[in-house]
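Multiple structures follow.
Both of the next two complexes hold subunit A, though its partner changes from subunit B to subunit C.
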Partner chain A sequence: MRTFGNLLAFSPELWLLAGAMVVFLLARFAPGTTTTAALVALVGAFLALATQFKQTITILDGAFTLDGFAVVVDVVILAAAALTLLASRADVLPGESPAPAVPGFFLLATLGALLAASAAEIVSVFLSLELLAVNIYILSALARRGSGAISASLGYLALGIASSGLLLYGMALVFGLSGQTNLTAAGRALASVNPNQAAVLLALSLLLGGFAFRLGLLPVRWWTRGFEVGIPLRVVVFVETAGVVAAFAVFGRLAVATFSGTRIAYPAVIAVVAAVAMTAGNLLALTQTSVRRMLAYSGIAQAGFALMAFTDLRRVGISALLVFLVALSLTGLGAFGTVVAYARSVHSDAIRDLAGMARWSPGLALALALALLSLAGLPPVAGFFGKLLVLQAAVDGGYVWLAVIGVANIALAAFGYLRVIRTAFLDSPVFEVAPVRLDGGIRAAVSLASAGIVFMGLLMGPLYAAASYGRAALLH
Partner chain B sequence: MSAGLNLFLVVSAALFAVGAFAVVARRSTIAMLIGTQFMFAAGAIAFVAFGRFGPGATAMDAGPAVALLVSLTGAAELAIGAAMAVLLYRDNRTFFLDSDGE
Partner chain C sequence: MTLLEAVPQATSTTVELPALLLSGMVWVPALAAIGLLFFPTRTDAHRERMRSFAIGASALVLGLAVLMWYGFRDQSGTFAYEETRPWLVGAGSSYHLGVDGVSMAMLLLSALLFLIAVLASSRVREQTKEYFVLLLILETGVNGVFASLDYLLFFLFWQLQAVPMFLLIARFGGPRRLAAAWKFLAIDLAGSGLLLLAILILYFKAPARTFDMVTLHDATLPVAMATLIAWLFFIAFAVRLPVFPFHTWFIDAQAEAPAPVAMILAGLLVKLGGYGIIRVDVGEFQEAFHKIVGAVVVIAVVTVLWSAVAALAQDNLRRLLGYVVMSHMGLVLLGAAAAVPLAINGAILTMLADGLSAGLLVLLAAAIIERANTSSLRAMGGLAGRMNRGTILWVLAALAAAGFPGLAGFVGQLLIVLGAYPGHRLATPLALLGVLMVAGVLVWTTQRIFFGPAAEQHGRVRDLGTLELANGVSLLSLIVLLGVLPAILMDSVNFSVLTMLSRGAG
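Moving on to the complex of A and B:
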């Protein structure tokens, strides 16, 4: 019975699963309470996780490894999911009747993300990523806004399943070359038997292609239809924070466990992808006229920046990646939360309609400015520290040219985002705006995210210690 | 023996290519969904073939096990996709995705 011996190590996941079931029941009998119930489940999962700090547990014969890396990532995912849920009620448009079961699907998606962070076998990686993805497909289709909305969800679904297919094929190649399904064992086999290098490179390319969608490297034009149509922003926020963090965690584990021992030049491949994604993402973001589109495209640039950390996996790469992911989640929540909140008042998310924002809602304007500064990577806010560590990793890994491109991108992004901040603070308002009273949830979410963005610099010591702990657990 | 592996891999790569083409080039929801299932089937065939002929003699059951779970997830996603396609048809009276919303 050793296989099922330590199922209790799944207690955070079990909290989420039980929470989802409760939410689905409540949706039938007490539809008003589902968001609260989901938040309670998230807090319970967090407390359950807190009992598992500082140990490494393997579950189900090594299918899942709950190590320090997984715990650090889990904390980020749970926090991002909780803040998204807090903000989600404000994203419900007047006249829209959201399905009361929506928080349940958020919980199941979070469950998939947590499992993905600790998955150590090919099968468990695939299944947990699919659990995450399937629930996101459902969430994206549950609130239909406008006639094009379901078309957007379907396009998203087809692209998502196709990228899962790429992922599966890459994993099949890894299995075929190594004969192992465990990621670490496969890496050992790939390093020792020295298989056809072209095939290993093909496997890595397929995996990177499959992950590109989940890491946020692809321009998902279906998300950027415009305000009040298409996929609701609360789903976009969840995907851009918790979803991206989970994907980077899996890809990090895969890169360290499976590919870091092989003889192929995997950092070079990743460096090229990172450079292209950063530059293209920032250039696309600069040309946008709507804040929502701008944030969506800057997500590509952020993902490219995070990929830079993979050029130095053996040393500081993983610590840098973890710190960067914390900054990325806080920034994403702050930025999208502000857009959701302000768009309620002005019924628009065009950049030029931000004019006068500092007068109508100074708090939101400040939060947006902080998030944009962090997005650009300017000191002294969260994004700066993440980007600094990632640049450091690229230089240590011997990719000075990549670091130079990274710095150029910071300058480019700063130019674009400062323009938006100037509009929000200095331009004279075009029309009168009566600020809408926001509910407590989104206020709390935006304030917490902004506080995190401001104070992350002060907490760098403990944060970096936690990230180094996660890195040590991954590298053994 | 290895001729068998190559044959299976060729079949699986062909299926994968057909599926990817359907997803990328077709605007009809039904064709896209079928294409995604082709891609999944290709991956499953590759897993089974590698499990049978590849160096994974230590993990003979792993290939078919992965294939089984993959087809289950594929079916789940197909169900959601089909439900969305029905919604699309109800809204627009067509199974084609609109391509104008850039």
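Moving on to the complex of A and C:
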């Protein structure tokens, strides 16, 4: 096996790496151009992905596998990253002077996400996830928005390290039980040598615990504190879209390659986690008075919902997961983009202060309503299709009770979100707000996300075909 | 191979141009709504231009409907203009559209009523763009339900109606619009939830994992399961119909919605409930529906009688019209429950006739209320001397709704009664009693509005304007046409009803 022979096939990743280098140089000599340069790098990576890919390519002795699954995930991650960067171009508080190198770290984080999607070895999985995480720590600390940002960043760092610890324990167990670092080989070994089943279950639990933080399953939303001085929009949206997509891609590959052949009842473990996360997330979201916190907790419910797809990995689960993640990215961008932009302009993120939003900024209110409907999974917007396919996967996997809990959660969530929509559209405003002036970048990004939310139903044909392609590649 | 080639292309099905007529009917309004978003809104001229654009779009849809109907009359198969494209392949759902005689007739009614609704919306001065966009999206939802041959698609189009209707009532309605809009939304979402539940149970229990109506028709289900599904479908549709005791949303919405929207509500949205019962319960779950028919007949009779009594006691003109429509829909339900060709033909004809006459009555009622400055019947009277054209139109429309021979309502009601009587010898006379009471109420109402001593506060009342008259006359001429020559529509309806009933159990 040639070690570096096909390295050029990884040109999307190389584009991002080169782009990050250029951005760091530009930050010294032409600080105003860094965001544009980063966007160019992202577009370049996208084009490289669309034209250079041929078949399944393995490099570095099997550390990374660029297969159809990775390509589909990469497309989602790159699109989410580009839209996030576009939306956050003008996310600058009065008196704030953002570090010009920020887009460089953003590119490196995206690079980590892309690598994670194609990582096929325990070591490369860990390294790419850490590359993603470290750059997010840096991005949130670089916000220079006072002590709120620093403490939020440190809190995130501490949790990230703890979860990495769990991840390493789990990986060490997998390696110890199988003697392999390659995910597929480890899975084959675990399935054939009949190791201690309790140990395999423990390894899965540790890995799930380690991933819980990255999948968005934990009620630790470090960025919800101090919304005016806290974490910038780009970090919030990036973590909630591209970060979650990358984590689910890795976890999906891990589950398929390593655990789906073993005799442990891994779908049952995941089903229980999914049911708890969905219900707890939605209940927590219902009790919130801040719309940002409500979105944060509903993120837990979304992650739980996505986990439902893992109950039927061998058949339609992966396709359902991919479609769900596309819907989730679009929705996350629309929801967080509108809420953060509006909260900045009214200096509050309380749900009751959304009253009159439809009057002061009708476009923003419409985008928020669409995103919330999609989050709830109400037809006919994007979220419905993702949830429908995931529910189908759960039923096909034999987990009818989980599907029933899922449906109950849709109703529960719909109640909470309709409450917010009612406030934004029908309650009489408490105070007058000047129409929110949005920068062209965020307007374009939110409009694109909204259009995607509305029209995803129409595009389900090609989208599902792409998802099935990714699934087929992952399952061989 | 590039990325795009790597993605397996959906197998291309050859879709002939005539098939696209149906997609056109469904999507032209939505495309027009998107186009409308880019219109400027500053001046009256801008608003007028938007209205012209909306008129053009809905006229185009009516043109497509007429064209389809023209090509449709010599059909032979079950469905015409079928269009199948791969859509949600993994979930077993495809973009499957098609019409038979029943849905073709309903599509014609829908295209006509939406055009008249847009024409009648000349008074919308504020948020004109939002109004027309919502109305056009609503048309896509309504036409989509009539055209869908895939349960998931059917449900999506059904669901697509809720939010536009809610916003149309909540933002453009009368003084108590918010309460009426929320009531509509709550009940409609509950109904949609039951509809989705029914569809999902069917999907997961059927041997073939598909949402396709035609494929699922041949699926055999356990009797208890089929009965449960038939019940769920029935309740979901009956809420829309509306039946007693779920009718208050309809009466409130009827009273509060702006006149053109109230016309769509009474003329089309409630007809979708009847269409659903005939298409799904009668057409697809015949045997299971037969098991629950006793309860359905009781509900139908109670609905007819309750609405007749309520209409008798009603003082608000628009609420009264709501009860009139409700009683006719109760009769439609009786016809559907009878499940014999004669009665189902009658039910469909009654829906068409009631769509036309109720639409006309609602528009006229709004015009009268605007001029008399009150919606209370007690405060009206003697308007005949001041509104000659209005009086003539109203009298004819009321006669049509009352089932006067020679007008469309008569034939439909007669067919239902004739068809249902052999099977339901107690229920049919009771329902007939209710219908006669409603006819009496309509005559009495006419007398109270137009004749007798003129109320003092009326002063100078304008007669109907040219546009109002033109709308009214076009609806009226169709009412007469359908009353004299029901065969122009009913031949193909009858053909499809016979096909539907003879295809046997689902």
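The definition used in the following text is that the second predicted complex is superposed on the first by the 464 of 476 C-alpha atoms of A that agree within 3 Å, B and C clash if a C-alpha of one lies under 4 Å from a C-alpha of the other, contacts with A are read in each partner's own complex, and residues count from 1 in each chain.
Quick note on the criterion: contacts are C-beta pairs under 8 Å (C-beta built on N, C-alpha and C of every residue); 3 or more make two chains touch, one makes a residue touch a chain.
This one's a predicted model, so the numbers in the text were calculated from it and none came from an experiment.
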(message) Touch test for A:Leu389: subunit B only (first), subunit C only (second), both, or neither?
(response) second
(message) With both complexes superposed on chain A, which partner does A:Val430 reach: first (subunit B), second (subunit C), both or neither?
(response) neither
(message) Going by the contact rule stated at the top, is it subunit B or subunit C that touches a larger number of residues on subunit A?
(response) B
(request) Please indicate which partner A:Leu8 is in contact with in the superposed arrangement: first for subunit B, second for subunit C, both, or neither. (result) neither
(request) Considering only touches as defined above, state whether A:Glu130 meets subunit B (first), subunit C (second), both or neither. (result) first
(message) Which partner chains sit in contact with A:Gly165 here, subunit B, subunit C, both or neither? Use first/second/both/neither.
(response) first
(request) For A:Val71, decide between first (touching subunit B), second (touching subunit C), both and neither. (result) second
(message) Quick check for you: in the superposed arrangement, does A:Ile138 touch first (subunit B), second (subunit C), both or neither?
(response) first
(request) State whether A:Ala152 touches subunit B only (first), subunit C only (second), both chains, or neither. (result) first
(request) Report the residues of subunit C in contact with subunit A in the complex, numbered from low to high. (result) 1-4, 6-10, 85-91, 95, 152, 155-156, 159-160, 170, 178, 193, 196, 200, 204
(message) Residue numbers of subunit B touching subunit A in their complex, please.
(response) 16, 19-20, 23-24, 29, 32-33, 35-36, 39-40, 42-44, 46-47, 49-51, 54-59, 62-63, 65-66, 69-70, 73-74, 76-77, 80-81, 83-85, 87-88, 91-92, 97-98, 101-102
(message) Please output the residues of subunit A touching subunit C within their complex, sorted ascending.
(response) 49-51, 53-55, 68, 71, 75, 316, 319-320, 378-380, 385, 388-389, 391-392, 395, 411, 426, 457, 460-462, 464-469
(message) List the residues on subunit A that touch subunit B in their complex, please.
(response) 122-123, 126-127, 130, 133-134, 137-138, 141, 144, 147-148, 150-155, 157-159, 161-162, 164-166, 168-169, 171-173, 175-181, 189, 193, 221-222, 225
